[in-house]
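Below: a set of structures, written as structure tokens.
Here come two complexes built around chain A, the first alongside chain B, the second alongside chain C.
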Partner chain A sequence: MQCLHCDLSEQGHRVRLGEGEGEKQMAICTGCSLLCEDIVASFENGSLKHAKNLCRRGHGHFQAALTERTRPLIDGEQVAVDKAIERAAEILKSAKRPLLYGWSHCTQQAQFAGMALAEKLGTTAEVTLDGASSFCEGILMERILAGKISTCTLDDVRNYADTSIFWGSDPSSSHPRHLSRFSYYPRGEKRQRSYEEERTCIAVDVRRSPTAQLCSNYYFRLQSGGDAQFMEAVLAVLDGKIPKVADKKKMIELATILKKTEWGAIFPGPGLIYSLQDKMDLFEQLLARLNEITSFKVVPMLADCNARGFNELLFEKTGHAGSVSIQGGSAAYSAEHSVLAAAKKCDAVLAVGSDPLADLPIGTARALARQPIIAIDPRRSLTTDAAKVVIPSALTGLEAGGTAVRMDGVKINFEPIMKSELLTDEQILVRIMEAI
Partner chain B sequence: MAEIEVALVAVRDIFQDEAGRKSLFSEEYRILSALITLDKQDMAGLAVKDGDKLLVKSEAGSIVVAARASKDDAKEAHPGLAFMCISPWYSQLVPDDGCERISVEATLAPTTASVTAIAEIQARMKS
Partner chain C sequence: MVSAMEIYMLLPKTNCKKCGLPTCMAFAVGLLGRQKKVDECTPLIEEKKYEAKLKKLREVMAPLENASETGLIIHPEKCFGCGNCVVACPVNVAAEPTRTAVGLGPEGDKVILRVEDGVVVANNLKECRRFGPGGTQCNACTATCPSKAIEFV
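Take a look at the complex of A and B:
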């Protein structure tokens, strides 16, 4: 189907660019991994003049372009960007165990440049390359990329899904347009009667989240960490056994919905993935059972705009979606190479497309803060405040063009909608590499 | 003084997220992040009302946040289960093993101390 807003190509959607500043332009929102490509926006005189189709999260993301921008700094003193890049190269060159962390807000082009930098540094050092999703969604992504778990695109969900299950995820808060663009409200090719008659939306969560409130009668409340137990109960009832749960009637009702489903999709979030951890086989078992009865696909609710792109890049190189070490020209995976372990032994940190000091556990953040940090970031963060070197970059999607991979694996190409003198993440990484 | 143990679960909130995108250092973001949502029974057990301060302690660290009663009705009561948004405040309570990021065991007690400021969190990084 031809997209109304862009030229569809084999490589993905490409948004047409407007004709200059102040004019309304089609834009991609890089505020989350839905990468909504129907945004109309214009900036004028340093403010967001017009915005259409942005969700609240996206609106915050677009407004962020105008506030708390970083400046090139070394030890808190403003310098020329060339000096900051030069100093970053010196730090990385002299490091024996550098950690290159983040990447989920970067374009694929920047991620490729990051991999090339890691490989170059890896000729003389032990480099750890990791991202925020490696110990959460990455666990599931790995199984999807390995073909162990059946997946689909969000366009398939819009066109065919009659049952959507939000398990440990809350798109109304994390991906606000998920339900309206794909999973519940839209009229798809085979779902013209949509949410009024044809679509059922189910929430499985520890709290009555905003999404669970929309699912009304189909909210299944879990005990904290009770996902595996709930899964076993679903498997039991699908096999005609009496489930070991308090509300047996409701569980049987769920099984009936699942059995009647023509085309279902499960959207697992951090709640499910953290809860299962080493019991992910149980999830595969449930999917296998469901697919004996009908068709169920899985699309993980990756948070950041290009988290999937980074997972795919690492998987292609190593067969794993995160926690990679590169040394002597070869890449290897191990939990020992996760940011949590690497923070305690690294001697330099390159943080790009992330704010590890805000996001990571306090012990890890504190360990990172003891090392010289090079922060490539368009905006002020806890990490830039603690960094030895700050290199300002163009905002992905607004000031920097490139490619990102949507949560379902569809590549989205975009061009900048704001003029900027700032270097892109990719350009900065290439220049650091050249300086090394 | 009353003290209770809870499973503290990290959640997302669209308003807190938007505030953080505008500025991690804003008062708006602090108010929405340094906030713990408790069941009404737990609020009563601690003898606190909306806006009162609580000292939240886990094996990883401690913070002071404001308390808020859950809007869930009696049917959805969740004593022993509390919620906080993912933020630098929540990160102060997360142990380093990486497997417990979405939920931590925490102890809550009323306090007269001020809500932890972002500057204090930044100072902890350097300690």
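Take a look at the complex of A and C:
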């Protein structure tokens, strides 16, 4: 099928872009993992002048993107980029247990370069490679990539889905255009009457989120950590047993909707994953039971623009979606190799396209801050403030082109829409590797 | 949004008919529908005992002055820019069946609602199903708003 806004190729979508400052240009939004491609933006004097079709979150991302840019620094002193790269290479070369963290805001090309760097460092040291999603959606992503949980693209959801379940996620806040582009409101190939008659959306959450407001009668409120119990109740009611919940009538109504569904999609968010912890098998069990009755697919609500790209790359190379350690050419995987454990034993940190000191728990962030940090980031952050070496990079999506993987696995290719002298993440990583 | 009953409670409730309507309740409905103006209630303006009520009435009626011809009020500070209203609006769907109807942002100028600079804006209100005396009570845009950023008078 020909994509409506780009030249769809086998490799994925490729967006056509305009040229020149002040002109209206087609742009990709890298504000979240939906990677909206229908953005029309114009820039003037290095800042966003006008934007069409950008949600509030994306607009904030575009507005902030060109502010508070980083400069090449070593120990807080401004230096030439080459010097900073050289120093970064020295730190990594001398490290025995370096931690390479982040990657979810980089292009796939930069992630490939990062993987090559990890493999190179891994010949002489124990390298931990991890991303922000490893203890959140990464757990689910690994099961999806391994084929244990069936998935689909968001285009399939738009064309065929008649039931969308938002479980522990609130796309209205986290991915504002999710419902309007794919999961509830648009007309699809087999869903021409869409939300008015053919689609049902269900929210399962601990609070009445903006998404739950839209689901009105089909909002199921859980106690914090009550997801496993709710799943058991759904399994019971699907088997015709009386569920052990307060509102039995509503559960029976839910079972009726699930059984009548022709093509369903579940969008699990961090709420579900954090709540289930080690009981992820129960979720698989529920999906297997639902798929006996009808067809249900899962698309995890990944947050960062290319988090899935990193999960896919790591899974392809090592068989795991996160928390991987590479030593002597072989990869090891366990909770011991996650960023939480590695922070306490690493002796150098390379943070690319992320802000670990702001994102990670305080104990881990403190442990990381004690180590020499090399931050490759286009914008100032807590990590760049604490870093020993700062290397400025081009903004993904605006100044740097490449490929990113949408939350459903569709590859989106894009070209830079602004001219920049800055090196891209990929170029910086390649130069560090060369220097090593 | 203020209701007709709340407006009625701030009127003299004497059914004096000076405004041309048979009852104060009818006048309250007229105010809400913007066919009538507060100043048309002469006792409320002239008699001192209604001074506090008049002040309060003007306060509650102030947001309605920003309403469009169809009674649409947009609160940009509450808007997520999600575009649910853009995709749900039946006029938008008919105007761009290959874009807005399938979830993409509109390209042309025929649509009523569009997202610009992160918030929803309204144009072409004459095309809205609510426009004019013969308009229907369509609420596709307000019912699909997750943050109550758009509402009708």
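Simple rule for what comes next: the second predicted complex is superposed on the first by the 435 of 436 C-alpha atoms of A that agree within 3 Å, B and C clash if a C-alpha of one lies under 4 Å from a C-alpha of the other, contacts with A are read in each partner's own complex, and residues count from 1 in each chain.
By our rule, a residue touches a chain if its C-beta (ideal position, glycine included) is under 8 Å from a C-beta of that chain, and two chains touch if they have at least 3 such contacts.
All figures in this text were calculated on a predicted structure; none of them were measured in a lab.
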- Task: Using the touch definition from the top, say if A:L382 reaches chain B (first), chain C (second), both or neither.
- Result: first
- Task: Return first, second, both or neither, reflecting whether A:R56 touches chain B, chain C, both chains, or no partner chain.
- Result: both
- Message: Applying the document's definition of touch, where does A:T128 land relative to chain B and chain C: first, second, both, or neither?
- Response: neither
- Message: Counting residues of chain A touched by each partner, does chain B or chain C come out ahead?
- Response: B
- Message: Touch test for A:T211: chain B only (first), chain C only (second), both, or neither?
- Response: second
- Message: Output check: A:E68 vs chain B and chain C. Expected answer is one of first, second, both, neither. What do you get?
- Response: first
- In the overlay, answer first, second, both or neither for which of chain B and chain C A:D359 touches. first
- Query: With the two structures laid over each other on chain A, which partner does A:P186 touch: chain B (first), chain C (second), both, or neither?
  - Reply: second
- Task: Name the contact category of A:D38: first (chain B only), second (chain C only), both, or neither.
- Result: second
- Message: According to the stated criteria, A:T151 is in contact with first (chain B), second (chain C), both, or neither; which is it?
- Response: neither
- Can you list the residues of chain A that touch chain B in one structure and chain C in the other? 55-57, 59-60, 172-173, 176, 210
- Task: State the interface residues of chain C toward chain A in the complex, per the touch definition above.
- Result: 79-84, 86-88, 93, 98-99, 101-106, 114-119, 144, 146-147
- Interface residues, chain A side, partner chain B - complex: 31, 55-57, 59-61, 63-64, 67-68, 135-136, 170, 172-174, 176, 206-210, 221, 224-225, 270-271, 274-275, 277, 338, 340, 355, 357-366, 369, 380-382, 385-386
- Message: Quick check on the complex: what are the chain B residues that touch chain A?
- Response: 7, 9-15, 17-25, 60-61, 72, 76, 78, 81, 83, 86-88, 91-103, 118, 121-122, 124-127
- Note on the structure: The residues of chain A that touch chain C in their complex are 4-5, 38-40, 50-60, 158, 172-173, 176-177, 179-182, 184-188, 195, 210-211, 213-214
